[in-house]
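Below are two complexes that have chain A in common, paired first with chain B and then with chain C.
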Partner chain A sequence: MYRGEAAKVLGEAKVGDRIRVLKGERSYEGVLMPRSELGDDKHVVIKLDNGYNIGIEVTGARIERLAQAEVAKGVSFPEPEFSPEKPEITILGTGGTIASKIDYATGAVHPSFSTAEIINAVPELAQVARVRTKLLFNILSENMTPEHWKKIAREVAKELNGGAYGTVVAHGTDTMSFTAAALAFMLKNLTKPVVFVGSQRSSDRPSSDAALNLIAAAKVATSDLAEVVVVMHSTTQDTACAIHRATKVRKMHSSRRDAFKSINALPLGEVDEEVRLFGNYKKRSEGEVYADSRLEERVALFKVYPGVSPELLEYCVDRYRGIVFEGTGLGHVPESLLPAIERAREEGVAMVMTTSTLYGRVDMKVYSTGRRLLNLGVIPGEDMLPEVAYVKLMHVLGVTQNYEEVRSLMLRNLAGEITERTLANAFY
Partner chain B sequence: MEGLRVGFEIHQQLATRKLFCNCESELSEEEPELKIIRRLRPTQSELGEIDRAALQEYLKGKYYEYEVPEEVSCLVEMDEEPPHNVNREAVKTALQVALLLNAQPVDEIHFMRKIVIDGSNTSGFQRTAIIAMDGYIETSQGKVRIPTICLEEEAARKIREEGSKTVYRLDRLGIPLIEISTSPDITSPEEAREVALKIGEILRATGKVKRGIGTIRQDINVSIAGGARVEIKGVQELNLIPKIIEKEAERQRKLIDIAQELKRRGVKEAQLELSPVDVSEIFASTQSKLVSRALSKGGVALAIKLPGFKGLIGGAKDEPRLGSELAQYARVKAGVGGIFHSDELPGYGISASEVEAIAEKLSLANNDAFVLVAEAREKALKAIEAVVERARYALKGVPEETRVAQSDASTRYMRPLPGAARMYPETDLAPFVVEDRLIAELRASLPELYEEKIARFVKQYNLSKELAAQVVRSPHAELFEELVAIAAKPRLVATTLIATLRELKREGYEVDRIREDSFRELFSAIAEGKLAKEAIPEVLMALSSSPERSVAEVMQKLGLEGFSEEEVRKLARKVIEERADFVRERGEGAAKPLMGVLMKELRGRVEGRVVMKILEEELRSYLKT
Partner chain C sequence: MYRGEAAKVLGEAKVGDRIRVLKGERSYEGVLMPRSELGDDKHVVIKLDNGYNIGIEVTGARIERLAQAEVAKGVSFPEPEFSPEKPEITILGTGGTIASKIDYATGAVHPSFSTAEIINAVPELAQVARVRTKLLFNILSENMTPEHWKKIAREVAKELNGGAYGTVVAHGTDTMSFTAAALAFMLKNLTKPVVFVGSQRSSDRPSSDAALNLIAAAKVATSDLAEVVVVMHSTTQDTACAIHRATKVRKMHSSRRDAFKSINALPLGEVDEEVRLFGNYKKRSEGEVYADSRLEERVALFKVYPGVSPELLEYCVDRYRGIVFEGTGLGHVPESLLPAIERAREEGVAMVMTTSTLYGRVDMKVYSTGRRLLNLGVIPGEDMLPEVAYVKLMHVLGVTQNYEEVRSLMLRNLAGEITERTLANAFY
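For the complex of A and B:
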């Protein structure tokens, strides 16, 4: 990772080696640290004996290699013992900061996902369930693709059918609601809980929300629920977590612990010492879960805004089988887009309207633009979140490409994504 | 003092905005509406292990309540938003201090996370970076090295503890803090005072540091030959520093003596067993109120033998005593009010026969001592445990520890010296290259040091050295020069800013509330002859109670405002005409007596000098006609 001038001056010295940097009358001794790929190639970073890192400019510097890097001793944890009366749950790892370990020497964060490691870090989990962990992959959630959704859906179904009482999916928070919604549509005949969980503060910090979220998620995984949900802090406090329906949840803040909010719906419940479910939810039952992982990936999410270029839409019409509009207000687009929409209609591209207000229901019969769009076959997305409609359209187009069938499925509530009544207290 | 070694760790708050957000670095005295509950969980060490003791504390339910005053704290302090870019002004100030301390700035600044889980940081770590290394200052005794200068965030302010909850306020969290660590090169208590004074002056010379209680903290590290490093916190008063160091050296000396005597007596650590004996029944009808109160509340009296300690625990009141060390341990670790030891008994209502009975029950030999605790059972047991732990240290001499200074320059045990903190890079912040150009710029515009400034004030403004020094050391040095530029009366400005304000403060006026602008207005009025210098205290008194008013308003309210030159002239003519005979008789010599008459009307409203000039002119013109 050292390159250019720094690499030249370092010569044989490797990260982790104890080195001395001599520069004029100055002399610094410490352990050579890795350098961020964003850093320039003119500095070397060393950790001094007092624990601090400093960067030293290499021009005119000479490096003495004092000792080779010590090979870090691996540490093994005892296999945790679980009480046989506890239900068994599986925690599937997909990446993100919820289960990671800091390397204090280099500052790098590594995944740490063996059952023993997780129980060592969060021993309270053993009070909740017999925990089994499985790392599916380790990627940042912005790099998730529909292929990953399919893999997770299949693995979840396998675990649930294999005897797990519930599953927890640890996931990066950025796109967690997409994956959760995708599973809500793909998992058919779901009879047990599937709980997505993440953290907004990485688990290497004492203030991390990871442990509390994970414990709450494990509790929900042993509850009476048979839905896909997201469990995260309900407020900025470390007191309780909220249970959100996967098809109604959205990350609404870039950094807060309570970033996840149920939109157009109230949370399904709350977790502190125990799980409290309220409202209508699907209850745990018996039966084999089935993952229908057919997805039409040629679907676009198209944001409408003043000045949006018709060419952009023309491009989408050329390339995609489905387009979800994030329209303005009750579900509108500027007139300039109408020709492209007309062409989409002719070419059999499925179109769904949602609203950029996120809150509220689209209603395309109130104004003339809306009526024209209805006439062009744009399907009103009711009170679905744009991202949820996007995932749903992929799922629906995976099942059928017949316009009438697509329309009918998009208007039907498949996994709690459409509410029949818009409640006053669901906007807060 | 033989083998005395002293070093400092000085923490100074900067008067810039906060280090990693744009909040003001101000404290908020009102209890805010927003309060949040958080917990801090011990994290894994380098090897993936977790501190079991700390985790136990956590699992027992220790938690924190953070008060969030929204005018001075935001999501960054709440640990709900990553740190913003480091405050450049704070970095520049720290670099300036580093240069003044002859230190070498680092080429690239890397902020670190230093794990702290007492709740004082919402994140569970403190952000800190080395800014410069290898500095020094010269003292009358020689060089004192300054190995590191750090820039870090101030911790949250502890408000109170209630059982398992600790309450902090987030106003103080994130205020930039410069940490200056010296080597233990200081060899006398007086030199220590000199070092603290000098570093303090250098910090204040930047004009960018906060002043007032709590804005600078000096931790003193003291050791003597054969002793150990003891860190003393909470030193507020510069003048107490030598006394604190003397007392600490004396304490270490005494502890070394005790250890030697115990060795001579052949006392071994293994003899110090944790085997307390319940002696409650001995006190069935005791005269000791303390003991009987504890027993009547269902507590117990526990005694522990300290073999070979006889005569080594007590001592004269003003001298360091092992007894106070044992008591402080018991107080801190078990929360008991106090302990009794056999060197001070009989006493405190405990009779000779009770002491004898205890001695018998513990089968004390000649040289043995005992400690007695009367408390609820669990507390008493913990206290005895603490006493035994401390007594074991007594065999070795001086334990390394952190102590807290008292107002009488004595110190009390606070906690063991903290071990090396776990530190890892703050990955939310990019390293920050210190450009040569910036250093050159800072070097070219280094602030005048106090000594230089005092010399200049003496020369340039013709102030006495004493007054010049007072102005320079006051928070008003900059304002002083500005006001002199307005009113051109350096001595008047200086005495107003130093003496007048001090007197008014002593009389109870809140002069700190007066705005700097008011001083500018005040001295403009004086320069323009609208206000006499005699009226300054009166105006300042009024301003201190209503600082929002302008000087003009205050003058009007006090009836001090404006006699124009024309009005003075008119009044002078009237006085002359009324005493025409006297004027003709005395000629120009009438000026002085007439002045007295005039000033009766004008005192405090027009400068005497101005009145005199006008009166003389009018007198001359009257005598001509």
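For the complex of A and C:
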């Protein structure tokens, strides 16, 4: 439904009415189309007599109501027309606020994700690319599992190999960084952009960030980047988005629009009217993308804290092939956990150490506790986020379960997840 | 041992030598005392003929060697003299870098914590207060357990009730925020400052933050504050410290000196030459402090992530009386965990929801997942840090195991751990 500035300018005009929009020296005449709540409050969408749908910014515009709607209900979204010279991108829907909250003026509450509906919601997208959409599934991101990661990875590879210039994955924000990191490890020979995007504010709230994020994501999907990234608001202002490397990003606020932050790294770029990339990013090239969807799911992320029970770790040693510790400080655990860690080593369970501080890197040579853990075969996770090390260990154990190979792969920078030691402390 | 600037100015002079320090129009004559590695590189300490020990800043000073030491080894630290009008504070040692790394020029490696040694290491302390020291135990903070928290709480109460104007607790940084939060909940009718302090850099490194932190902590211990706080470097510069409320602070970097940050709150103040307090803090008053050391240790901190095993939660439901979830986003878990949560409710296990984003607060009414969890009796943890909610739940379950009382206490602001809703999003 129209709200805010658009509603004010529309006055009495209702969806289905024939209206005239006067803006500067131009005037547009057509039928007022429904607008999804995903859209901002600055545009009205009308269907011109030639069948085209256009979005017009209402700032400085005046609207005349020419005729009342004959049938206000049941207006469907026409297929949008795209300029043939624009690059083609695919937006894959997986659920979450950005995909599922399109509640139409017509009363429909189905979680639609058709191209027509997306373009109606965010008409600016048509200026960026020829958009194709595909709803893979529609789940809240807290219900995302490694099985979903595999499906998304395969679908992204299919789209990119099928000719898409880039892909956007619309995803709930809760676990977006896990899925994005998983794809960063799974997609081999990536030659085009894979852009994760979500919305922190449900679109029924006036401060929704959905439209700007989606437009920015589409721009990045047509950029020179050949990496998996997350594109979300960089500030609370509705003006610009940051481009975060999938393996260095974390949701750091429960509700703010600028919740996503690059940790131990700078963002790869920013987007407002245009995309500005900086730093060392992998550039677009040619070649088939391959989705290596082997994942060892028997991996646990084990949080270390005073009073943590050694029995809990024993339980994990019995059931998992890999354990990522979210340790304290430079990578420590209480000595009460050492017997279980010793047994884990004997049983061939791969162990990786990360830090609960999130910022900074582990350094297990400084204190005796760290050195003991190194001697017990615990692999230092460098400056990897605990969540990223978890996803990476699933990937690595999917490839090999040989300890030396696992160790070597965990210490190697596979997808930008490890920042050079000399740089790590600068980004805080 | 002397290093850096002090070593340069000392030249050939060795510990035990009789020297003269010329600075401006003043000159000091005495025996060069050993200096612990905890000390900075800007002071030399000499024992004057009147028996006093003084620290002299070497900047702009010149040193003459008057006589060689007769016995360079075995010099012991004399008892320092304090000005009787200074307030008395107690520094309690528990271990960690700040207490255990005092490696003396005499070759001793014992983890000493005598007043004489501390004052020798950081002579500026004597300008702040009459210092008494007591080594409670000497452990790395990753080995700290709830039993240690109880001991520290009881000792702090004893010191404060015994006449100390304030207390400083020297603690390893890894789990300092857990212990500090535990004391914030355990110390009832707190009328004086309890100041936790540590060191991020081992004192054998030139960039050690130990001295400044300790001096700042002593100043806060003589201030108008009647709360449990953490005092650590506020920037990487060796110039000022921040005063963090114990229930709102977290170690956010593995190695930087400014690793501790207030989360969802402003610091309570800062310290350079003097202590500046701001915000709403509890003021010093009169009255006996009481340590309520009841803690239910059967509490787990359960991290939620994609692929987390429901069996792991079932295991916890069987063994714990309380579970704090580090959920996703506004306070969510995968629906695969719901059966275990339902069983936890039936078995009377108290459950509290926090968010892995750390910043922001949970809001379980926005999405269906949150509403389901609320219906299952999960208590929203507001903007509490997961670690703080964990410590608080141990405390609350130590007091009562009645669900309604637990719920009421968890939702009530007991020690500054819950920030008002209107303020929470501002601090990011």
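The rule is short, and it goes like this: the second predicted complex is superposed on the first by the 334 of 428 C-alpha atoms of A that agree within 3 Å, B and C clash if a C-alpha of one lies under 4 Å from a C-alpha of the other, contacts with A are read in each partner's own complex, and residues count from 1 in each chain.
We take it that a contact is a pair of C-beta atoms (placed from the backbone, for glycine too) under 8 Å apart; a residue touches a chain by one contact, two chains touch by 3 or more.
All of these numbers come straight from a predicted model, not from anything done at the bench.
*Asks:* Taking the superposition on A as described, I'd like to know which of chain B and chain C A:173 touches: first, second, both or neither.
*Replies:* Touch status of A:173: second partner only.
*Asks:* If you stack the two complexes on chain A, which partner ends up touching A:239: first (chain B), second (chain C), both, or neither?
*Replies:* In the superposition, A:239 touches chain B alone.
*Asks:* Look at A:137 in the shared chain and tell me whether it touches chain B only, chain C only, both, or neither; answer first, second, both or neither.
*Replies:* It touches nothing on chain B or chain C.
*Asks:* Now for A:252: first (chain B), second (chain C), both, or neither, which partner does it touch?
*Replies:* A:252 contacts chain C only, not chain B.
*Asks:* With both structures placed on chain A, which of the two partners, chain B or chain C, ends up touching more residues of chain A?
*Replies:* C
*Asks:* What residues on chain A does chain C touch that chain B touches too?
*Replies:* Overlap of chain B and chain C footprints on chain A: residues 255-256.
*Asks:* Using the touch definition from the top, list the residues of chain A that touch chain B in their complex.
*Replies:* Going by the criterion above, the answer is residues 26, 28, 33, 36, 38-40, 43, 45, 48, 50-57, 73, 75, 77, 101-105, 107, 109, 112, 117, 120-121, 123-124, 201, 203-208, 211-212, 235-239, 255-257.
*Asks:* Quick check: in the complex, which residue numbers of chain B touch chain A?
*Replies:* The contact residues of chain B facing chain A are 36-50, 55, 59, 63, 75, 78-82, 104, 106-110, 112-115, 117, 122-125, 128-130, 133-134, 148, 150, 420-425, 427, 430-431, 433.
*Asks:* Can you check the complex and tell me which residues of chain C touch chain A?
*Replies:* Of all residues in chain C, those touching chain A are 140-146, 149, 173-175, 178-179, 202, 251-256, 258-259, 297, 299-301, 303-309, 311-312, 315-316, 319, 326-336, 355-363, 366-369, 387, 390, 394, 425, 428.
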